[in-house]
């Protein structure tokens, strides 16, 4: 089968990949600052024989390998790191700083994504006889701030590379290394941040009748917003709305002029997302009206991520390929409360996609924690300063998953 | 002085007045049902020489005594009783029933008002040499339901009797018998009742997203209405808003269609009253909007009483006459949270007015309770089934107050 | 295979089953009143050769068919109907009345459950050569009020019949007739009703400082209870809390003494259920404390249903049997917000169970509604006065599902 | 009469007083920094023949003039200014800075208090033949921060000067210059500031079930606190509770650990003050309990002022003296929402007191604003950067009021 042929080259390139990974982990770069990462990726892709476009949306890089008639598969890896000070104790731990001088760490494992995709790209290039079609390896900047995929698209991505038939992506997660986990349908939540400013009228605290109290207005708003999840979203529909900050006033004795709240919403379906957004606007306006506000609220949405809703057929096809390759280490992924901007890319092309997880945790550590029921506390998750995927079988799994998923479309046999 | 001359006749008529009072107390009639009371009042007024109009606004009676050039003073007494079963233990306690067969009791002391005004009317008629002008004795139905004064006005009162220069009225209250108590400016509150129906959309309790929850809507409304008194009315401005009832739904498991609340508002100034009313409407509409109600609320005002705001000059003049007559038993009345429709009458004529209280409680009982700090519990107040004014000096005080207040305008000397 | 052998008898008994169904549909009986239904079931079971115990928990009936060594499978059907006036227009529509004279209707389809189980019981008895073990057909009263299973258990069920190795049950649902739908893990919600009375202190509406306002207390409670779903239950954990009724006070002008709310909670996991219950108690007590209530709240739980959490292995085994029998008409059941007391029975025995749905809607009607996106409005659901399962293939499917699920344990081949 | 004799000296000292006032206005000092003011006051008092104690409670100064047998009257003036940049445009406007380098202004008119008391002290000393007893002129620091009177008492005030029989004080207010305004009973509010910290548990915004949300907790607290004024304080009892600030969290996506609110309460009676305080504590604890907080709230009271409740007899006596001196420019003072620490001094001695206002606004400006109904906006009030009392008749009135009020006790005739 194709997969066996392509993956036969893995043993030979493994030492190089591991070295590459350690170097990348030690040199993380924040979103939009992935200059070193991007340059090295482009250099490698060119060396493997890919037709490379770089500088897309800033630091984005795409390598295209045309290999005869057949489907076109795009595989995306994200490259950016986080402003976190690494506390893994690893020999290759980061001491890097960002452009602002602050600490930077690959605390979300994007270094494993880059490495695995480079490995897959190399193997695909080495075994062109085993498949047919076009393989596109896309390295995206700035997933964490949420505007990296959008930036590549706005920079003309869809006109600069062949249109894929399907898009694929994967993320390392705190599951046992060696596992791959797929989920048809909703997989990751949409996330929307809102900043809401309500306007009262200041007055001395002893004369509330001369003012309009924004502290009461904002408090009633926070209380009322609870009813969106409790009443407006069905009990079987996951959604969460958190007001993460509220600020108004400076001293006990004066009614302030304004109040500001910031909130975050996570949903999994576009109509739920829209329903929640409409409810936020409706409730905010109504609470200002209830207070008799002379000026309407300002409602600003920022930092929005789409939901990641995997195509059913695509997911089934990839999951079948994983079962064939990984056996019972191919699992079903739980619905995640995290968010991603990957899906912007297939949506820009108008093509189906699937996004899956692969484990990065030492399986023994995981098993012990599972036994004790302490996974949440004992297994460091993404964005944690102690997040440290074990190199193997994590990288091998990432490379193999990248290869077999692509071959589910490009291969000449069953994945 | 005029007052001495007019009041000289009191001793002679006192036994008749007391007998009249006991009979009237034993035969109370509900608002709009004061047929016996009205007939006997008219009969007496005619016997005293008054020009009598009866049947005004149903059972209203007015006697006019023209006595030469001079001002015109209108004095009003209310005649109706309450649907309360009397528990005073008095020998002349009521066993009467209303048109609906239920118990009736003069639990608000209107019987003392009627008796005192008849006594004053008789004394004024007997001593015409002591004063000049026109004396109008008005007996009003239906003060308790709040539409008796309005009913007389709507029935043409202002065109049927001479226009007064001033209107006067008094009410027996749980202060020591013998006292008269005046208050310039706001004295009694305006009262407004509201019935508010909010509309949701029913759904099974397990599917709140298919409904619009009127229980939550009404609850938020009750909570929000608290801010009217806490934030929209100044701290030195008396106002109270009570939601006395809330009703929605029949079982735990269904989201109902509607919810209804009833509330009562008391204020003392017309602009405060209007401000509160506007706030109720504003908040109710906004809370329905916040819930996404498909149909706006119904807000019905019913049972409204105006505030009783005594004219400053009129009150000062009457208070001075009381000081001359009653010495240190002439007091300042505390602001009252009760309400009255008397002021509709002077407002219909566009003339000033004052309204005062006179004591009806056994002074010794009152003093003992005051010493113990138990007036609120030991002195039965108006509308209590045990409310039983002592006959004297209550009636004497009521007659004397009615005479000297009128003579402050009609007399030929200082009260 | 066993199933083919047993089901071979279906054609012959179908006319009798359909007649039985029409008669039963026309003679519905409310929970605890299933006297006619119970008697006829017992009569039939005896005729089929079952060892019958009746009168268990009132009208419960159990037939036991011992057929050599092997596992014991218990299959449960519920028998009761609802106090709803039927509006199906069917020739065999109910005109029955309950003991209280009110209308009764098989609006939840328990008549299909009874008929299907009788059919399966008869087929199992006719083809004893095709299986080995013990088959227990249990007909339960009073599922709707939620105390029928408990009543049989309290009446000694576990000591009166053989201990099963597995328990099975099924429910007709508004899916296309012909489908069977299974779901491992949580399938139906737990439901708990609460009646909460809070105690204030009555006072005149103008003197809130002398009272403790239960209208405000209950309203704040309703508002605060929203935070249980919005904040205390995770976004991926289904739960719903509906306050279905609130009642306090009789007129606008008096602060009442008490307020009562009723609420319904649905959850799918025992620890979530407990967490919500604890939160209700905690919040209710705290809101009463916030109001300064002199007397604590009364919190009464009533009408509780357990969650129905299907055993994973059992469900997988039954689902596999269904796939073999029904092909692609064997589906995955969506998580349901309804509740059931069936699981009380296997829990009383300490054995695993699974509960599934089978379709009752005309497939063409369903397909048209699905196309229009109007299933919710055009397909009458359970408890609707127009709920009318098509007789076939509904009954056939119910019988076949009952047979093949039992044979997954008792048969000598793969289902 | 005494007053005529003493006030006869006013014409002669007026130019000096006005010069003193302009100098003092140009050299304001913040509370506890009144070094220059204090030194000059002490110097003058000594020059007038007073027995002077200085440095009491920091910068406090007391002058005692014993003049034979008779009562002892203490008159208090406060000396401190405010951290406000003056915008009066006066030739003698302040350009002073405080110890912290910020602007300082006599924006509350304490300079008129100091000047008027020095004038009265001088006149009293010059006309000892017109009165008998002891006159105590007390100059207090730090009224604005609220701890100046307390500081003098804690520094031994009551043991360092003769015990007065009565204490007097006055304050310039935005009424027409020339008026004096007295009020028996409650006159100025008590003020209490509270800082409340509530404790939640932080969590990611997508996992509210792992946290305890302090934003919701604090918002519910703000909402619940509204019910203190709306429900727990009677409608005729003035009280105001303002939450002037609320702060929690830093970004939309994390549930913070804590929230802090600051609030201010104003009441006029000690039992109301205590009732409100108890309600704040009760409600705060209950709201934390409702949220399931693991740690109770911190409730800190700071910046407390007592209510100023004038002794009835003392006020009547002073008011009568004012009527004799000022005719119809002696008025009744409205209840004020401001607060004062003067009453700490008479309370420390256990003697009665009264505190009144005198006008500082140009009477013509005031009359025009009154006509237009724009007093609130056109007449700059205390603490406003444009607050500029007209020098006369303001100072004359202050001096005369100080003299005649003292002579109501010390004089040999009727005031």
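By letter and in written order, the chains are A, B, C and D; residue numbering begins at 1 in each of them.
Definition applied: a contact is a pair of C-beta atoms (placed from the backbone, for glycine too) under 8 Å apart; a residue touches a chain by one contact, two chains touch by 3 or more.
Just so you know, these numbers come straight off a predicted model, no measurement behind them.
Where subunit A touches subunit D, over half of the residue numbers in use are shared by the two copies, so each contributes mostly the same positions. With every chain reduced to the mean of its CA atoms, the largest distance from subunit D is reached by C. Taking the options A-D, B-C or A-C in turn, the interface that duplicates B-D in more than half of its contact pairs by residue number is A-C.
Averaging Cα coordinates per chain places subunit A and subunit C 41 Å apart. Distance from the subunit A centre to the subunit D centre is 60 Å, each centre being the mean of its Cα atoms.
Mean C-alpha position of subunit C lies 71 Å from that of subunit D. Subunit D has residues 206-208, 213, 216, 220, 223, 226-227, 230-231, 235, 240, 266, 337 in contact with two or more other chains.
For subunit B in complex with subunit A, the residues that touch the partner chain are 206-210, 213, 216, 220, 223-224, 227, 230-235, 237, 279, 282-283, 285-287, 289-292.
Every residue of subunit B that touches subunit C in the complex is listed here, in rising order: 189, 191, 193-195, 204-208, 210, 213, 215-216, 218-223, 226, 240, 242-256, 259, 261-264, 266, 303, 337-338. Residues of subunit C touching subunit A in their complex: 223, 226-231, 235-236, 238-241, 266, 334-335, 337.
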